[in-house]
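Next up: some structures, all given as structure tokens.
Two complexes follow with chain A in common, the first pairing it with chain B and the second with chain C.
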Partner chain A sequence: MVMEIVCPAGTPASLRAAVKAGAHTVYCGYADETNARNFPGLNFDRAEMRAGIAFAHAHGAKVLVAINTFARAGAEPLWHRAIADAATAGADAVILADLGLLAHAAAHHPTLRRHLSVQAAAANADVINFYAATFGVRRVVLPRVLSVPEIAAINAEVEVETEVFVFGGLCVMAEGRCSLSSYATGQSPNMQGVCSPASHVDYHEDNGVLSAKLGGYTIHRAAAGEPAPYPTLCKGCFTTEGASGHLFEDPVSLNAETLIPQLAKAGVHALKIEGRQRSRAYVAQVVRNFRAAVDAQAAGKPMPEGMLARLTEGQAATAGAYKKTWR
Partner chain B sequence: MSEFSVHVPVFPQLPALALRCAPVAPMSMALGGFVARLAQRHAGLFRRLGAYGRSRFVIDPTDLPVSLALEPRGGCPRVQVSRGPLHGDARIAGPLAALLGMVHGAYDGDALFFSRDLVIEGDTAAVLALRNAIDDAELDLCAEAQSMAGPFADAVKRVVALAETRTGVALSRREENEEW
Partner chain C sequence: MQLTVGANQFFWSPEDWGSSYTALAAAPVDRVVLGELVCSKRLPFYQDRIPAAIETLSAAGKAVSVTSLALITLKRERKLGAELVGTGVDIEINDLSMLAYLPEGTSFSIGPLVNVYNEGSFAWLAARGARSICLPPELPIDAVRILAQLGRRLGVAVEVWGHGRVPLAISGRCYHARRQGRSKDNCQFACENDPDGLDVTTLEGQDFLAMNGVQTLSASFACVDHQIEVLQEAGVTGLRLSPHTGDFTAVCAQYRARIDGHVARGAVADALLAAYPDRHLSDGFLTGARGADWSGPLP
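== the complex of A and B ==
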């Protein structure tokens, strides 16, 4: 069986690029705080979503609508409308994290397939089975903290499909619970859909040294010749007790393309590519690469050589927690 | 450029020298007309800019002796070309080939930024909005020029194709991929 590749689309053009590059499934969100990539110039209005879903379906691909932030008390109708509009537009599933929204979707849109977002940080079989039994969740996106054997152990105990990230940005925190962005800017991916909002990011180059600031805090300085700093606190470079370094997380991206056979063996159903903030050129290149990889895997052929290093954040890649060599 | 650089071609020196002597007022007028035409044909680009459609962007091709200021003004754009420093809400600087390559989908903006082929300063959110809006618009500047060239459209296409081959600069839209 060919593993499903689930590809990002920040814009309608990226959706079309992903589908034409061979994506089985595309995920995207509305241009508001209901989705965790609520950045300037990104996302879909209602008409664009309907057209995007129609385009994907005409090409045999599916569309998942990410409504994966946590609803603000008193403003629930915004999130409820997003779910209803996704259903009306013909979305193949919605990706949710909020317990209240899961209950709402199960009650009011029972035929709309529900996936559990990584923002819910469901990292063990018990909690996954709870989401499946209580809200009819059909697929869970696993947090990026599990090794391949841990994923295999979970899959042995759950009935729902599992989806794992294979390429793109990494989060060091339990997703959906990180408060670093809130601390520096007052806005978070969990509530406003923005991690390190661009309006709070400032880059300044002086004599070849590029400084990155978030919310007024200098979080990294890169000398001439070094990659530009990533503008999040988790990937910042700080000095403490006389030593400087990336205290939370090295600025590297996930690239698990070589682990696809092991992930298939572990029972993973779908492979997710991160990057709704990236360009259509990026989306097309990464999707083509992973489509070739899953097709090769299904045919029992060796994994094709990867060509993706240049596209990674921070220009460096890791297999992340899938290979927990530090244990 | 850093060891992590994407290979970005540099604008040929001879035409760059010519630009050093060319009058900027006609360039501003010509570019302004071209961008106004884009605004008519790609209204969605300006809608996607949202509040940042009122920002002033300084575009600085570092291998050219001129830079330009772009004010989208909600779909009634204004362009100013200058040899001196320009001021705006945000500045985007890099080789012309990188800037055009991003417009045409040949390069990924983040990759160019992290490799430091591209420098941004000022209002980061405005830059992000512009980058995303342009990426979604799937612009083809060669096709736009052809559409304005009337009976000379084929000649424009041939000249652009020749210039692309000679310089390696993406002067027209790159198809992201073949049909799978």
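== the complex of A and C ==
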């Protein structure tokens, strides 16, 4: 069986590029706070979503609609409408994290397939089986806190499909359970669908040293000629007891392409690529590489290695929690 | 308005852990949540003291709950969660995995690390048996107000994070161990010397965060001294106070006096800053532009 490649699309052009490059499935969201990549200029309006889904279906690909923030108290109809519109537009599934939205979708759209977002951080077989039994969830996107053997153990105990991240941005905290960004900026992944937002980033140059601040907190300092990565909070440089460094995570991104054979053996159904904020050229290139890799895997051929290295953030990549020593 | 003492988030020696609950028995609080929230590797050190602590607190008239872990992944952590059920003590759920173990019809409490952001989640949990819900610390006052009103209609107590370093994130990775060049599995209890967490400052020396094993907290102590009237008006039924070193019983007494109108607005903050001169305070998640903000006067 070929593992399913699930690709990000922040725009209709990216969706078409991903489908043409061989994506089995594309995920995207509406242009509002209902999705966890609520960035300016990204995402789909209703007509674009309908057209995107029709295009994908015409080319044999599926579309998943991410409605994976936690609905704001007093504004739940915005999230309920997103689910209803995704159903009407012919979405192959919705990706949800919020208990209330899962219950709503199960009650009001029983035939609409439900996937559990990584934002729900379902990290063991018992809670996955609970979501399956209670809300009819059919696929779970696993949080990036698990090693490959742990993923294999989960798959041995659950009926639902599992999907894992293999490429792109890497949360080092359990997803959906992190308020670092709102502590510093007032904007959070759970509520506004943003993390370390560009609107709160400030750069200062002093004697050739470039400081990057987020919400007034210095996250990075780079001397002239040094790389100055985007000041994502958990990948910043901080100090404890006089020693400074990247205390939580280096400015790296995830690349698990060499683990595809192990992930296949662990029973993983789908491989997810992060990056709805990325260009369509980037998306197309990543999709082509991963499609070639899963096709090679299914045919029992060796993995094409290292092709994606230069696309990773800051030129450095990690296999993250999939290797147990990461913890 | 009631006072609930939340589970100790830090790794204390078994002696300090035990004596803190003996002291709390005499504190003017209504409910105490105890047990291990952050890291299952800490539990064996003080697990045998939990029954005596429950007995002491219950005898002093406190309602007692035992917390689940905040992030359940390993087989022994699942077993630990399943074993909490049926002990007869109220369970505070801080990882939804617990719903897989709790039989329908059993009542429970929801802790601050479960994502209850809206009416749908709140009502679903209430229907499943939640009798008390501590809202996520990042919720703004507008959301708190809506959920507190819903709680009143459904007969569910609604708590808000009131005091102590704010839990901001939980990870699979142990940062205390990483700092020592070790992995979580070989941590050698790198967190044991930081009973309030390890201060994390910016490169410019600005207080920012605190490290506590797999958990990341705010450097600031949350303090809702300036929000008491707003929270009472919103219908919030309880404040969650998180234990720290120092005279925590006195801290509880200050909040009690403030809620009962025996001291003026600002008195708790003043007392805290006098007792913890290196700390600063925050209440920004409720009414500020960001979590780190403080609505009181700056020192």
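Just so we're on the same page, the second predicted complex is superposed on the first by the 317 of 327 C-alpha atoms of A that agree within 3 Å, B and C clash if a C-alpha of one lies under 4 Å from a C-alpha of the other, contacts with A are read in each partner's own complex, and residues count from 1 in each chain.
Just so we're on the same page, a contact is a pair of C-beta atoms (placed from the backbone, for glycine too) under 8 Å apart; a residue touches a chain by one contact, two chains touch by 3 or more.
Not measured: the values here are computed from a predicted model.
Superposition of the two complexes onto chain A shows chain B and chain C fitting side by side, with no clash. Of the two partner chains, chain C is the only one touched by A:L101; chain B is not. Here chain B and chain C are compared by how many residues of chain A each touches, and C touches more.
By the document's definition of touching, of the two partners only chain C reaches A:R221; chain B does not. When both complexes are overlaid on chain A, the residue A:K265 reaches neither chain B nor chain C. With chain A fitted onto itself, chain B and chain C come no nearer than 18 Å, counting C-alpha atoms only.
Within chain A, no residue touches chain B in one complex and chain C in the other. Of all the residues in chain A, the ones that touch chain C in their complex are 70-74, 76, 97-101, 103-104, 120-127, 129-130, 134, 143-146, 150, 153, 172-174, 176-180, 182-186, 188, 190-191, 211, 215, 217-221, 234, 237-241, 243-244, 247-249, 321, 324-327.
On the side of chain A, the complex with chain B involves touching residues 10-14, 17, 20-22, 39-42, 197-199, 201-205, 210, 222, 224-228, 230-231, 277-285, 287-288, 291, 310-311, 313-315. Against chain A, the residues of chain C that register as touching in their complex are 70-75, 77-78, 81-82, 95-97, 99-101, 113, 115-125, 136-139, 142-143, 146-147, 166, 168-175, 178-179, 183-185, 198-206, 208-209, 211, 216, 218, 284-285, 288-292.
Contacts from chain B toward chain A in the complex involve residues 2-4, 6, 48-50, 52, 102, 105-111, 113-116, 119-121, 123-133, 135-138, 174, 176-180.
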